[in-house]
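Each of the two complexes below includes chain A, the first together with chain B, the second together with chain C.
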Partner chain A sequence: MSTLRERSPAGYALAAPAGLWMLGALVVPTIFIAWVSLWAARGFTLASPLTLANYAKFFTRPAYVRVLGDTVQQALVMMLITGVIGYSIAYFLVVHVRHPGLQLAVFLLLVVPFWTSALIRTIGWIPFLGVNGVINQVLLLTGIVDRPVEAFLFSRTGITLSQVSFYTLLATGPVVYTLRNIPPSLPEAAQCLRATPLRVFWRIVFPLTLPGVMIGQILVFLNVMADFATAQAIGGHKHAFLGNLVILLYESGQLAFAAVVAVLLMIAMLLGVAVLLKVVDIRRLGES
Partner chain B sequence: MIPWRTRQRLVRAALGTITVLFLAYQWLPMLTMALLSFTDPEGGTTFPMRGVSLHWYRELLRVQMVDDFKPPMARSLALAGACSITTAALALAAAQAMRGRLRGSGAYFYLILLGAMAPGLLVGFGVALLARVFGFGLAWYTSTFAVHIVWTLPFGFLTMLAVFNRFDRRLEEAALTLRATRWTAFWRITFPLVLPGVIGAALFGFTLSYDEFARSLFATGPEQTLPLVIYAQFDRQLQPTLYAIGTLTTAVSLGAVALFATLLRLVRRRTLTSDQPSKKESQP
Partner chain C sequence: MTDAPDLELIGVTKRFGTFTAVREVSLVVERGQFLCLLGPSGCGKTTTLRMIAGLETADAGEIRIAGVRVNETPPWQRDIAMMFQDFALFPHMTIARQVGFGLEMLRRPADDIRRRVADALVAFEITALADRKPDTLSGGQKQRAALARALIVEPRVLLLDEPIGSLDYNLREAVMLELRDVQRRLGISFIWVTHDQNEAFSLGDRVVVMNHASIEQVGAPEDIAERPRTRFVAAFVQGTNVFDGIVAGVEGDHVRVRTPTGDFLVSAAHVGPPAARAPVSFSVRAALLSAQPGREHVNQVAAVCRAVEYLGAIRRYDFRLGDGHSLKLEEFTGRGRRLAEGEAVTLGWRIEDGVLHAPGEAPA
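Moving on, here comes the complex of A and B:
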């Protein structure tokens, strides 16, 4: 017994507002992008003849294909970096910080920036990255370099540096969750059977956290693929990912072609998620 | 061979160092911005910082600056408030509906989650294309509001699902056994119990909308929200005024989090005390 009868009309009525909102403001616009991407370049109307010419145009221009490659490459680099740092933080937080108050404090320090503006945080990186920036001042002071390095601002390095500070949280959270759910008896049993700590980690703990790792990887992948603001703010219009290309084409009035890039971005994201989900499944099969 | 206790200590020290370094790494840009916003009129946008003053905050109060930043700030706050209430209401209804084991509830779950996964820029782009073809206008209180809810609702929905999973159904069943109507039982028993989740959903609605940039970019008309105006200003010229406004808006975000956290604590305390009635209350 509950406050809602099973399969009652009231249930459908309750589900309808949120469902219709998502259909109207998310699914319809997305499908519309796919439709527009097939429109002929001239004349932006519903009556436009359908063509694949825009897609052909994308793949015959090396500059555009390179942007696609750069975007995917950036996502892969970010997954690797945030995966390693994120797992280390999660493991330390759950296994090594025993005091509950301290655990909460570290957790809050980690999570609170999520509730502030990513744009402001990006701007906050600028004083660090410039030729006279903090990083260069520290490098000069410690004598690691004798001339300021110009490679930070307006560069992929700078974009990566700031993206790591935004997206590591996404790789940490799910691992924290899965680590917390491991019953202590499992690693203890393995220890009783004289497994070394390293072996306990690789054979017991790590496989159990794998779903969390994969969810984190998916979240980082999706967010980096869709990120254009960091590239625009830090990269200073010198570096473009697919999102930046959409904006560029939209602003120059090439709407159908912008839609093509948008569709390709979405396809790349879906493919990536499909591949990542497959990786988890394969490992699960290997265990059983 | 190093004894395992020493090795464990080494691992712990290494992981601890990574954690502390990362936390510093994550917070330093925000703290630096706050620090540099107090630089002197001659101070630049990076170190060395020159003196300490409120110059750049006073600069924000100049007529032209007020005209630039105040209306967008008011719009962003109004939009965030609307998103907060809407997210809480829709998430509560949707999560309660999921308890009724509807046909297609699996697909429904993914439909709502899709809002958090879909690239924000493209959702706004799709809405902008629709507006062009069908000739409707874009505005922060219509199209921007619609795409912000797409972003905030999944977070509220997941929060509510988690709360409904954990709450004690027997209390609800007891009310129904005592012949409360489903309506009464929901509002008198269920709702107060899941109220912390509703507050959490409202917090997500507020802060995620208040800070949103990607979804607003294409979907907003000529009357822009605060993040858009900040970005436009940043694109033109980086001045310490931006650090001042950035520090202020971060303070608003953190203030909202603190406010909702306080609210949550008050609600929890109230629920706890009514769970275990004190002697004074239980006496007639």
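Moving on, here comes the complex of A and C:
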């Protein structure tokens, strides 16, 4: 699979435009952020002396550490929820909706919301979750509650609900792909070897879709870690993740400290991906 | 164990939408029989096999394994095992693990599984592969692993769907003989699906020829090859010449068949006299034609030699008749001279060499 070709000068020339772009738009700014995070000065000055005090400050303030913890916890909760729902949708789509046209139609239903902007989608949740929102109206009408529930909007529950709706597809797509790649003869062979459907699933189907599950988990993890818009729109100002903290600090002019949070966010994301990649070799994706 | 046949199909039918894949198929497989389901692709042989396994449900009819109706029994409770054309080895399991998979599913004790897997690996000479994953195995090794995995649950019937179709050609002969040996040694029934008549004829105790969802003929390989019951079977079997015509008269046990290249007499002893002027077909095996006809060769026809194939023990000729129809003739080498291409000859055969087909399918 890994066919590394001999490197030729032409290859470098071809890679140069994209490489320069990545260098200017990604590598240099990242290094710059890391550098800024070490600034001792409060404002913008390239002559600032360097110090690790900013990091020390972050870890000695419980409020900041709690935001880091909340962010990681939110990502883990989201991975669990979207993992289960996404897998169920993928399984339903591939195994139960056999007709190709119908499969496409259902998949489009899932994808279409992604054609609208993230902002609209997020704001769209507000009339749904609010005190006079759709959920509360339904709950009141059916008599399940006798007073509107306030816990939906401006709460972690609300944030989680809307994030689930945004990110489940990320956990679905890769599983659909790996499920489709399983030859039908494998589960059939297992059945003929006395395996009940449940054991066919856990012993054959699920292990073979693990690379897809892991890719979905990585996508959800990265997106939730970096998500600040949902917390801002749905969570009001009561809830903050690392992304919100970066904005908050940046807006209040604490550049170095904003950079610290940004660097920590990046490190957390890289660590998370490294751990997930250790669990399953995603390079086996697509091998049957 | 009971004395019931290993497998019985009674009027089994399978439809996919408006398409009938298998139509009222009935057959019996006695204890320890090697049965081959032979037919062109799309004839319903694989669907029949999958219904026996329980991977498809029959829309009508009854399937019995060891005398017990299994129509409602799921695959994992049927006393069968199956070999798939692509071997269906589990890519994430070592060979030892998947050979033991069936026993694991039967919740046998771990010691028991380990011992029997070790025995199976020895029996199929794949002990060295125990810790390897399937993607590192050759075709022949995969085939052995799949066989070991299927047989470890000691099924009453082993179903094989084109089991050597994906092997290299030069490997097939050896694998066929080996599978035949295994079947004889274990005394279980094999039901072998193939489109290759050489496989079916050299392996099967009995051969079932299928076409268009139905059984055309059931019999020993010799029956199928030498006494094809229908025009389809005759045309499907290699080395057989098929003639189409109409009944021009019935003369005692013989039928006079009028074809575009002349009238021929065919014995009708085993099918009974057909109606006058009815369309009929008959076949003559290539090995029974003679290029030096004598008086006993009542049926004679003028032909031109078009091609000669030398196959070692035999020569195979391709002749062209006056109407463009082609005739095949096979003769032992070392007897008589080789005819030249373009040479005009008279071909002949005896009345009893022709086999009249049961009425049915119109000539293609």
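Everything below uses one rule, namely that the second predicted complex is superposed on the first by the 266 of 288 C-alpha atoms of A that agree within 3 Å, B and C clash if a C-alpha of one lies under 4 Å from a C-alpha of the other, contacts with A are read in each partner's own complex, and residues count from 1 in each chain.
What we mean here is this: a residue touches a chain if its C-beta (ideal position, glycine included) is under 8 Å from a C-beta of that chain, and two chains touch if they have at least 3 such contacts.
Small disclaimer: the values here were computed from a predicted structure and weren't measured.
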| said: In the superposed model built on chain A, check whether chain B and chain C fit or clash. | reply: fit
| said: Taking the superposition on A as described, I'd like to know which of chain B and chain C A:I204 touches: first, second, both or neither. | reply: second
| remark: Here the angle between the directions from the C-alpha centre of chain A to those of chain B and chain C, rounded in steps of 10 degrees, is 80
| Counting only touches as set out at the top, which of chain B and chain C does A:T196 meet: first, second, both, neither? | both
| field | Most chain A residues touched (candidates chain B, chain C) | value | B
| Touching A:L186, do we find chain B (first), chain C (second), both, or neither? | second
| said: Contacts for A:G69 in the overlay, against chain B (first) and chain C (second): which applies, first, second, both or neither? | reply: neither
| note | With chain A overlaid, the minimum CA to CA distance between chain B and chain C in angstrom is 7
| message | Quick check on my understanding: which residues of chain A belong to both its chain B contact set and its chain C contact set? | response | 196
| Contacting residues of chain C [partner chain A, same complex] | 53-55, 74-77, 80-82, 84-86, 88, 90-92, 101-102, 105-106, 135, 149-150, 153, 159
| request: Name, in rising order, each residue of chain A that touches chain B in their complex. | output: 1-8, 10-12, 14-15, 17-19, 21-30, 32-33, 36, 44-46, 85, 88-89, 91-93, 96, 106, 109-110, 112-113, 115-121, 123-128, 130, 132-134, 137, 162, 164-165, 168, 196-197, 222, 225-226, 228-229, 233, 243, 246-247, 250, 255, 258-259, 262, 265-266, 269
| List of chain B residues in touch with chain A within their complex | 4, 7-8, 12, 14-16, 18-19, 22-23, 25-30, 32-33, 36, 45-47, 90-91, 93-94, 96-103, 105, 108, 111-112, 114-115, 117-123, 125-130, 132-133, 146-147, 149-150, 153, 157, 169, 172-173, 176-177, 182, 185-186, 189-190, 203, 207, 210-211, 213-214, 217-218, 227, 230-231, 234, 238, 242-243, 246, 249-250, 253-254, 256-257
| request: Could you please specify the touching residues of chain A with respect to chain C in the complex? | output: 183, 185-186, 188-196, 199, 203-204, 207-208, 287-288
